[in-house]
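First the structure, then my questions, so here it is.
The letters A, B, C and D name the chains in turn, as written, and every chain counts its residues from 1.
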Amino acid sequence: MSVISVIEAVRKTIFMEMKRDKKIFILGEDVASRGGVFLATDGLLEEFGDQRVIDTPLAESSICGVAIGAAVNGMRPIAEIQFADFVWPAINQIVGEASKIRYGTFGKKKCPITIRIPYGGGVRGGLYHSQSIEVLFAHTPGLKVIAPATPYDAAGLLRSSIRNDDPVVFLEHKKTYRLVKGEVPDNDYSIPLGKAEVKKVGNDITVITYGLMLHYVLQAAEECKHFGINVEVLDLRCLRPIDSETIVQSVNKTGRALIVQEDTRAISVSSEVAAIIAEDCFFDLDAPIKRLTPIEIPPMPFSPIQEAEYMPSKIKIVKSIRELLEI
Amino acid sequence: MEKIRLREIYKTALISRALDERIWMLNRQGRAAIAASGQGHEISQLGCVEALDSSRDHFLIYYRQFTLMLALGTTPEEQLRNFLAKEGDIMSGARQFPLHGSHPRVDLFSFSNVVATQLPQAVGVALADKMNDKDSVTIVFFGDGAASQGDCHEAMNFASIHDLPVIFFCENNGYAISVPLEKQMNVDNISSRSSAYNIPGIQVDGTDFFSIYETTKEAVDRAKKGLGPTIIESKVERLLPHTTDDDHTKYRSASDIEHMIERDPIPIFENQLIDLGVINKKDIELMKKEVISIVNISTDKVEKEAFPSLDNMLLHSDLN
Amino acid sequence: MSVISVIEAVRKTIFMEMKRDKKIFILGEDVASRGGVFLATDGLLEEFGDQRVIDTPLAESSICGVAIGAAVNGMRPIAEIQFADFVWPAINQIVGEASKIRYGTFGKKKCPITIRIPYGGGVRGGLYHSQSIEVLFAHTPGLKVIAPATPYDAAGLLRSSIRNDDPVVFLEHKKTYRLVKGEVPDNDYSIPLGKAEVKKVGNDITVITYGLMLHYVLQAAEECKHFGINVEVLDLRCLRPIDSETIVQSVNKTGRALIVQEDTRAISVSSEVAAIIAEDCFFDLDAPIKRLTPIEIPPMPFSPIQEAEYMPSKIKIVKSIRELLEI
Amino acid sequence: MEKIRLREIYKTALISRALDERIWMLNRQGRAAIAASGQGHEISQLGCVEALDSSRDHFLIYYRQFTLMLALGTTPEEQLRNFLAKEGDIMSGARQFPLHGSHPRVDLFSFSNVVATQLPQAVGVALADKMNDKDSVTIVFFGDGAASQGDCHEAMNFASIHDLPVIFFCENNGYAISVPLEKQMNVDNISSRSSAYNIPGIQVDGTDFFSIYETTKEAVDRAKKGLGPTIIESKVERLLPHTTDDDHTKYRSASDIEHMIERDPIPIFENQLIDLGVINKKDIELMKKEVISIVNISTDKVEKEAFPSLDNMLLHSDLN
């Protein structure tokens, strides 16, 4: 057990998995001698050589297309998209192709690829290094979409993703990379895909979130104690499939739900969570289901003060919780 | 090549043509939903397959490769089942358009209808082989239309950097649905891409079985020697409209259509074989009769078969 | 006024608009001599010539990228994507670029493109000619997304789309093309973007839908009369922005909501509509918010019986309505 | 070219270099969030711009074109405002990364950070001009990295089919962040793409102002004569790491870095001008002093300026 950051958890897990299974290889931009622009693959070239750590041309569609081909032919590629904002050229290969290979071949072919994508904002990235891009992936049957918030979850879920036989979109929040540290076992534990986790038990309200926002929500929950509010905090962790069971159980208990997300609101993960609650918790709900999200503008201005205003914050979360409880 | 082998190949051509015509007719009768015909591409596909090894190599194909599928061992019944969306369709379990999916016996993969996506995928297949020191060759097929997609560029570039054992085989029939070559590109040949990637680009007459065979063979040898990819451009004709939904008289001139019919590759191959003494007029007549009966029997059988059951719709999905 | 089909309404509107404004031109695959694979642009080449009706290479990213450039330089392109399933290669240009041009240049540049996309199933299209692809577009700030269901709406909304200064994704349901006919005025009326419409007034329940499904819902509403149920039918027509005002007004009146959609459920238009209702109609709701959608498998099998089973149908809609009203 | 003009251009080079260094320093001091430096690309950009007409032509640029922006009339203050995200930033109102957005006075468009998207967009800009019988030229810039994207292929192909007045100008600095050319492609020159599209592809030494100028001029003439696009590949050096976030000693060898420094284009241009009698050592000294003072004054001014207000965040969005 050691205390490490999210980025270290990612790197270490890839390292351990590559040691374990020769079928795993990495491809992406700057993943080799540069070790990735966030250093998620630092040192891997030295350890595994340039046959298993491949610097590709700057062309995301082929990064994913090549990964798909290799996967169908028995390998287990880990593709890195350098920033989420640059995954759009690869949508055709991921959403159009990878997601349908098992279904479309009637199970004769499988496509075990893990696509790692640093996403999210709060890092002065402006419109093109801040985007949350989960919606389309999490909508698409045939994909799995993971969005861990802690080093423990990052390592455990990445391990499961790499070992999973379906294509997995693995979203790493850039701002958590170095900011968030935590204990990670040294063994090769794994966390099943598709399970949310209650990160703090409470009775008065359930706040559902994922990614960077989890940390702000936990801070807000702490602060809410001063107002006598006992918040239950639920971390989705997986965006496809969404663990409706855990959501429903929690909201049926607390009777109130707030969903906090960094992505814009219209047709988003928060919409689905609200829809699940509205359908399955109706008779136990004591208040409208509220969502705290940024406004509907392209995410997010380069201007530091505008960027800060754009994002949900601890203060805004506390305010929303208090409004919902009328406290 | 042995005479007996050439006769077999000729017979596959005949079966392919007859079956393809039958399927077109089934569509016209409302019994098949849609068909893309391979007529005109037959000999190119047969010559090419002959240079490969179906037990070793990988085939990433597209929807106009009806003949190629037969040449690799798909049976007429299986092809019909595919078009009629019957239970047990070998390619996709009647989930996908005819000819799409993957094959249970050969590594034949025609995954999606999205034009050109197979090109980078093929490069990945070849990359995996190289990593595992396998000496398989990956061949990926595409039309002239597909050559305009970004994925085509990315695939050729990637394959060349890593000297991968992959053959980019373009069946250039001069049209992407209704769009003629001159509106698709400002060059005469797709093989002229070769200098952009530093790989050989060879153009060949797709009606000439022997040229196609030789050209493919050379590319296979190059690939196996570790010399990297080759682009082959086979000039063929699309004898019928794009699919059963199309009417090409709307966009092809009468003289264009006339010229195209002269390039029907089956009579050309037939004459070559007659000249070589492989077959004679009488053989041909007998074989054509046999072929019709194969097609009839297969059609009758498959038409009587059941559709897949509702619950197998869930198999191999997230819900299963 | 004449009775025409959806496809005729589309063709006629493009024709009239191109007559009116020389800045409008068309580009796409097979749009010229072929007149489009659905004949939406039939006859336009003859009328406007090959400078204004351009057959492009088979390359969707450049179709949209070129349209963007022309729009930024003063033109008003109408780009046709042949089938929705093939729009994925162009996502980078549409979602990554077009949507952010006005915002990202601080209003100095605008991007008036209309991207017409035939979508949807029920036409024996199998996995790759049946997809509903609205989610990502309708999620993206900076885009407008339109999905008409009738010839009248198609013409009126297409006209507004072409005249709009922002990028518009205009979704035409393939199955409605020839199936649905209706009266269309001969003048150049237009319908404002962003407004839903109550297509049938009722008191007992609001059924919210769009596209092909509208017609099945209207049939179901008719049948529900036999059970003494008076259904209100709301056609969203625009998926971005979603007209929450009209939704809320209707559901506050009826107290019950069913959302019917052809797209798969998780993180979809139906999720957002449910979330809006759950937040804004809570105190007037008499029952859980229900959704009727296909199951989570890639849309949709080529097999005719499986395809029929996959889609929501009149029978299933009636069943859902009755369940919700316990009648 | 007139001597007085060459002096002006030299001065722009000096301002660019000094300002670029200053911004890098501001980043190191935590006052600028990020910077991509144009150092090493200056002379290429100046030679190129000189052959164009900023009142007529369209410039679709990318983030490494700091000098080009100055040459087209952006002021040092405006550039600083851009990097420091201050109120009134001319490019994007402090919404985007520095250097992105569009320009209020010149048709200079650097819309997004997504590499290569500008290439088909530029083709569309040129298409609109052709439709409207304008005789403007569209020039689009990109790096060697961008040349691998599918969009690069699609753009060149489209432009060639329609003989559009567009210049594809590649600033090839041998690296896409850390990835060297030989891992990006299996050819030595991006200009070798030309035969794939049947358009001229010219390679030129990006440290030689006069060659760049002449080459661009010829491409402009071709474009204006309706002869279609040209690919120009300018070989330059990226003197600093990719951005302020990068450390290139991790992936560049000492000898590579040494060689690169020898190709710093400003001393090369300086010597050319001295040889031509345009400037002398003393001029240089004086000009360098003047430049430093311009940079100092601008920095002081802009640093005191306000950040944009919160509510202008909504301007030009769906909410406004």
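Definition applied: a residue touches a chain if its C-beta (ideal position, glycine included) is under 8 Å from a C-beta of that chain, and two chains touch if they have at least 3 such contacts.
Being a predicted model, the structure only gives us computed values, none of them experimental.
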Seminar exercise, completed: Output for shared partners of chain C and chain D reads A, B
Seminar exercise, completed: At the largest C-alpha centroid distance from chain A we find chain B
For this session: Could you give the separation in Å between the centres of chain B and chain C, each centre being the mean of its C-alpha atoms?
Result: 36
Exercise. From the C-alpha centre of chain A to that of chain B, how far is it in Å?
Worked result: 41
Problem set entry | Whole-Å gap between the CA centroids of chain B and chain D | 46
Exercise. Taking each residue of chain C in turn, which ones touch at least two of the other chains?
Worked result: 56-57, 59, 61-62, 85, 88-89, 92, 96, 100, 103-104, 127, 141-142, 241, 296-298
Exercise. Which chain D residues reach two or more other chains?
Worked result: 92, 95-96, 100, 112, 114, 148-151, 154, 157, 161, 183-185, 317-318
For this session: Assign the assembly's chain-to-chain touch graph to one of these shapes: line, ring, star, complete, other.
Result: complete
Exercise. What residues on chain C touch chain A, complex-wise?
Worked result: 61, 85, 88-89, 91-92, 95-96, 99-100, 103-104, 127, 135-136, 138-139, 141-142, 239-242, 264, 266-272, 274-275, 277-280, 282-283, 285, 287-291, 296-299
Seminar exercise, completed: Interface with chain D, chain C side, in the complex: residues 25, 51-52, 56-57, 59, 61-62, 64-75, 77, 89, 92-93, 96-97, 100-109, 141-142, 241
Problem set entry | Parts of chain B lying in touch with chain D, wherever the complex brings them together | 148-154, 157, 160-161, 163, 182-187, 192-193, 195-199
For this session: Would you pull the chain B residues touching chain C in the complex into a rising list?
Result: 33-34, 85, 92, 94-98, 100, 112-116, 145-146, 148-151, 176-179, 183-185, 245-246, 250-251, 307-308, 310, 313-314, 317-319
For this session: Report the residues of chain D in contact with chain C in the complex, numbered from low to high.
Result: 58, 60, 89, 91-93, 95-96, 100-104, 109, 111-112, 114, 117, 119-129, 131-132, 150-151, 154-155, 157-158, 161, 315-318
